[in-house]
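There are two complexes below, and they share chain A, which is joined by chain B in the first and by chain C in the second.
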Partner chain A sequence: MKGYRNYFLNKLLWFLVTLVAAFILNFILPRLMPGDPVAAIVSRLAQGMSNTSGVQAIYEQYAEQFGTNKPMLEQFVLYMRNVFQGDFGFSFSQYPRTVADVISSSIWWTVGLQFPAIIIGWLIGNTLGALAAYRRGTFDKVLMPISIFVSNLPAFGMAVIMLVIFAVTLRWFPTSGGYGFDLIPNFSWKFIWSVFIHYQLPFWSIVLITIGGQAIGMRSMSIYELNADYVKYSRLLGIKDRKIVGYVFRNAMLPQITGLALSIGTMVGGALVAEIIFSYPGLGSTILTAVLGQDYPLISATTLIITLMVLLANFLLEIAYGFLDPRIKAAQAD
Partner chain B sequence: MKYTIQQIFQSGKFITGFSIFMTILLIVIIYPLVIPDPPLKIIAQGTFFEPGIYVNVYDSINTPFYTLNLDEAADRRIANRLGDEDRQAIKEWLVGNGMPEAEIDPANTEQLLDQWFNNFDPTVRLPGMTNADRNYYIRLNNNIQGLLNTSGAVIAELDEETAVLTEKATVPQSAYVNVNDVPNVRVLPLGTDNFGRDVLTELVRATGVSLQIGLVAGSIATLIGLVLGLVSGYIGGFVDDTIMFVTNLFTVIPSFVLLILISFSISQEQRGATTIAVVIGFTSWVWTARAVRSQVISLRNRDHVNLSKLSGHSITHIIVRDILPYIASYVVMALILQISSGILAEAGLSILGLGPKTTDVPTLGLMMNWAMIYQAHILGKWWAYFPIIITIALIAFSMNLMNTGLDQVFNPALRD
Partner chain C sequence: MLEVRELTTKYITRFKEDIYAVDHVSLKIEEGRSLGIAGESGCGKSTLALSLMGYYFPPLHYTSGDIIIDGTNISGMKADDVRKSILGREIAYIPQAALNALNPTQKIIRFIEDVVKAHDPTVTKDEIYEMARGLFESLGLPAEVLQKYPVELSGGMKQRTVIAISVILRPQVLIADEPSSALDVTSQKMVIKMLRNLMDNGYVKAMIFITHELPLLYNVTDDIMVMYAGQIVEKAPAHEAVFDPLHPYSKGLMGSIIVPEEGLRDVKLAAIPGTPPNLKNPPKGCRFAARCKYVRPECRVQSIQLRELENGRSYRCVIGEDELRELYAREAE
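Moving on, here comes the complex of A and B:
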């Protein structure tokens, strides 16, 4: 266990560094853009107002609220303090709800949907990919073209196709929402069942997309491993196929974990768009309403939360990788 | 060089991908030459017209008629005009009148009408039938009688002053027009969209714009990635550390989030297709930089590079002459992938409502966004969204195939 300490500390340090970078980017990007965001907001609000002193008053009020009239550094300190207090201000489009309130009501839908979907898609995809590499033949010939085509479908495309087939044509599942529109969230069987039914389509469309990409990667990894010397030697020794496949799977899986860590951001992005297709009440739909309502505080907070989630997922994957790869343990023990 | 190209074109995967891509590209180039309509022109009054051939009714009346005596014409006309609801109503009445349900087949028009004429009696009051229902059946009966009428339709002209209708012509039921004679026929192979635009024309233009966005975004990303990767990999040391730090940062911070933040900060009016492409390019160079760097590191200490160093060539010279040719194939493959992911990124952004401004040009993402906002998928208007998904998937698929093909040519270890 001691050997891991440096590895974990190293990863934790990197996690904190990226976290700070994420805060800075989230703060600085909108402010780097040409044009004054407050002026843009005020000009939208004050459309048709002819009273210049009124417009001026609105402008000053918003400038005060965002602190844009203060120097950059002071603004940043203010921003960090607010973030750590969980205070993101009021949402423009859903006033008088606060941004923190809007996000806390949608974040669990997204976490509950995407986390299991990506994990399960990853597991199924890797198993199928390894099987395809090991069996070759018809299984491989059928599975691979399908996987390649599916992995090239954008996530929202898969979502629309699933929606049209299973919700509109077959009517097995509802078309939109996270639960029946006639229900109020509570702990009754009826509500849980409704959530479960609404969960299926978004869940499976993310799973299917993930399967496609993972299966292809795992297949080529496994083919590469199957040609390795240790496999030939094991075969020569007469070790059972099942056991060899176990070794191969474990070795081929390590790059796949790194791959997942590197691509999780893209996956989450795609899945957020898929959420919109199903009007799932998660962060994806929150972004859409924020964009449509020109809700600057909400956008800023939502993107920050998504970044935090992705960074955290990345960190956890790195930790898991440390446990799975014996080379890391060996390297740290030296 | 010639040999490499020959080898590339022997790879089945590359050829398949290349043909699909070239077909798409050719359609994008040739279609506007044949049908030069502006893609965003609203031609239809109303939303989501079904795909089909639209023949001008007014013109077809003034076109010479041909008489064709076709046996099945009358049956088809009646079958077409008799809606599902009416058939169900007929069945209900017949069942109510005491006919066994098994004998009635609402899909069989001829039998159904026979049964109806033999049994229907307007004076009969079925148990439980309201007066409104009875009147409905009488109306239905009259309608069906009218359908069976064999006299033609009269075309009349309205005299503006006296408001008297004068008969101009009679159109018998066996009259046909040749579509070639009608001056105004519009083929809408994919119908119209929610704004009443021709979907096919729009889609072709959108594909072109999206390909351009992909090309611009991909080129920018590849260029930045290439330069950073070369510098970082070849020079090493502090420069490498700095560049790798930034690269690692942007690998974990999702580019999607950066895209949203930047696009949102640029106001809608200033967000042209080019701006979006540039923004996508500037947020997606990370992969290329990492990959190029690792390639360069493995090349850095090769003999020919060392020889070049000893000969006193400048860093630029070494990078351009001794390293670039070795990673050129790799860069081309990275570019192909970047183009296809740029197209996908634009589509994702547009669905979020952060795409290019809507008044200029259509893009695949914008078309998808419109179809989703107007609920084409729920309303069953497949032509408004399905061709777009297929186009995006085909572009990505063809690029991926080309990439895999190239990979197999350049990395013999991957050949099956």
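Moving on, here comes the complex of A and C:
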């Protein structure tokens, strides 16, 4: 157990370090941008005012309210305290809604869409890749070019293709939104069905993109594992092929978990753009409106939330990896 | 015990070429005896080891011949029957690269459970554990090994664990393919001791030992068989194979190694010039002709048959037994 503890502590330490770095960047980057947000607000308020001391008074009042007149370090402490209290301030573009309110109404759409889609895409992709390596022949020859093609499409590209085929041409699914625009969110069957129907296109475009890349990686890992000495030895001891395929799948899957951890950031980024294509009411669309409305508090908070989610997913994957691969334990115990 | 008649197996490459790596090999091994197979790398000795199991998977394919174990011809059996009743039970195999022979993400005992259950699904886990613990302890391996992952074992320990797993179902014949080649000298010695122990205490009834290290064969096995380009070129009791080789290739092989015996101290080491023939299209006549010092025109005309001598030895050469010895004696001067 000592090995696992070391591994866990090591990963936890790195998680905290990246977390702090993420907070610092999230705080500093908007403040490095040229221009003074308070001055921008004041100039809007003070239009037509000729009294300089009056403008000055308004400016000082807002600077005091937003804390921009305090030293950077104090601002940072203030910012951290607010973040931990879930207070991200007011949204500029959707005033008087608070940022926390805007995010809490959109984040579950994104979590509900992206994590199942990435996990299912990962599972299907790995199964297909392992099958291609094991069966070879036609299955492999058909699957691989398709996978390579699909994996090189960005998620939003796939989203547009799906949209044109299934929503515009075939009219099987609605083109946009998270549920019918004429409905009010409630727990009626009509509403749930509407959510389900709207869910399909964004979901499958993310799944399809994920499948391609995972299948390619899993195929080569499985071919490598199938040629391993333990496969031959297990066969010659009379173990059934089905069982051996199980060994191979598990061992080939391990690097795929690391691969998923490494690419989850990019995946989420791509999937956010796919959300925009479908006008899905998740974080992707929220970021878009925030950027268009120059809503700095909202931009800052959404990027922070996404960073946190990716970091957390990464951390959980690495912990899972430690349990799945005994070599980790052995390496850490040294 | 184990009899092999005219066994031929081939590799089919990606380009659909046939490579006959084991070509009409016959051998017989009696209960309580051990047979060594020697030859340079690429001569087909590892392929022979695989072929003897009677269970073929690509790229290796069965072509012709019989493998008879305890009176049963397994060449005609269905693959799944061979898997279930022969592999591990009648014939067991110790792989060449034992260091990677165990699944890295599985505990030793879990693997043993899979092995036992593949042949008899009714055995319980507790029974398997008791069985494995008993075997490991009687072979001088600590029972804690069972609860470990392969990465937690040293190279020598891993090799001995693999040997113990191979004999868990008490097979009749054990085929060891270079079981000690990748180990340091101390671990080698322990592995050899363990293999001898298996024979002496009746865990296995016969053993085939494959290696390129002749001194090892001489010390471990009763008989030695020399292979060249997929064929047997000489078969003899261990002492005679080393000190009185008949086939020019065996002679060259023995001359190219050090056997730490008295009287051999001043013998110069000689290499055999050239490389083995390409088995995609082997030469028509004697396969060793291109590298042989004593080659004659008739060597290249047609394939050479094994000559059986009265004392049970055999070799594959056109030149007579006495004439060969005379040639070697003249060479030595």
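Heads up, the rule we're going with is that the second predicted complex is superposed on the first by the 288 of 334 C-alpha atoms of A that agree within 3 Å, B and C clash if a C-alpha of one lies under 4 Å from a C-alpha of the other, contacts with A are read in each partner's own complex, and residues count from 1 in each chain.
Note that contacts are C-beta pairs under 8 Å (C-beta built on N, C-alpha and C of every residue); 3 or more make two chains touch, one makes a residue touch a chain.
The structure displayed is predicted, hence computed values, not measured ones.
Enquirer: Taking the superposition as given, does A:Lys190 touch the first partner, chain B, the second, chain C, both, or neither?
Expert: After superposing on A, A:Lys190 lies clear of both chain B and chain C.
Enquirer: Mind working out whether A:Leu254 is in touch with chain B, chain C, both or neither, as first, second, both or neither?
Expert: A:Leu254 contacts chain C only, not chain B.
Enquirer: Figure out whether A:Tyr230 sits in contact with chain B (first) or chain C (second), or with both, or with neither.
Expert: In the superposed model, A:Tyr230 contacts chain C only, not chain B.
Enquirer: Tell me which partner A:Arg327 touches in the superposition: chain B (first), chain C (second), both or neither.
Expert: It touches chain C, and chain B stays clear.
Enquirer: Which partner does A:Ser220 reach: the first (chain B), the second (chain C), both, or neither?
Expert: In the superposition, A:Ser220 touches chain B alone.
Enquirer: Check whether chain B or chain C contacts more residues of chain A in the superposed model.
Expert: Higher number of touched chain A residues: B.
Enquirer: Contacts for A:Gly238 in the overlay, against chain B (first) and chain C (second): which applies, first, second, both or neither?
Expert: A:Gly238: touches chain C, not chain B.
Enquirer: Of the two partner chains, chain B (first) and chain C (second), which one does A:Leu25 touch, if any: first, second, both, or neither?
Expert: first
Enquirer: Touching residues of chain B toward chain A in the complex: what are they?
Expert: 248-249, 251-258, 260-262, 264-267, 344, 347-348, 351-354, 368, 372, 377-378, 380, 382, 385, 389, 392-393, 396-397, 400-401, 413-414
Enquirer: Could you list, by residue number, the parts of chain C that touch chain A in their complex?
Expert: Against chain A, chain C makes touches at 50, 53, 55, 57, 83-84, 86-89, 92-93, 95-98, 100-107, 111, 114-115, 118-119, 149, 151-152, 162, 165-166.
Enquirer: In their shared complex, at which residues does chain A touch chain B?
Expert: 14, 17-18, 21-22, 25-26, 29-30, 32-33, 35, 37, 40, 148-149, 152-154, 156-157, 160-161, 163-164, 168, 175, 220, 224, 262, 265-266, 268-270, 272-273, 276-277, 284, 287-288, 291-292, 296, 299-300, 303, 306-307, 310-311, 314
Enquirer: In the complex, go through chain A and note every residue touching chain C.
Expert: Where chain A meets chain C, its residues are 228-230, 232-240, 243, 247, 250-251, 254, 324-327, 329-330.
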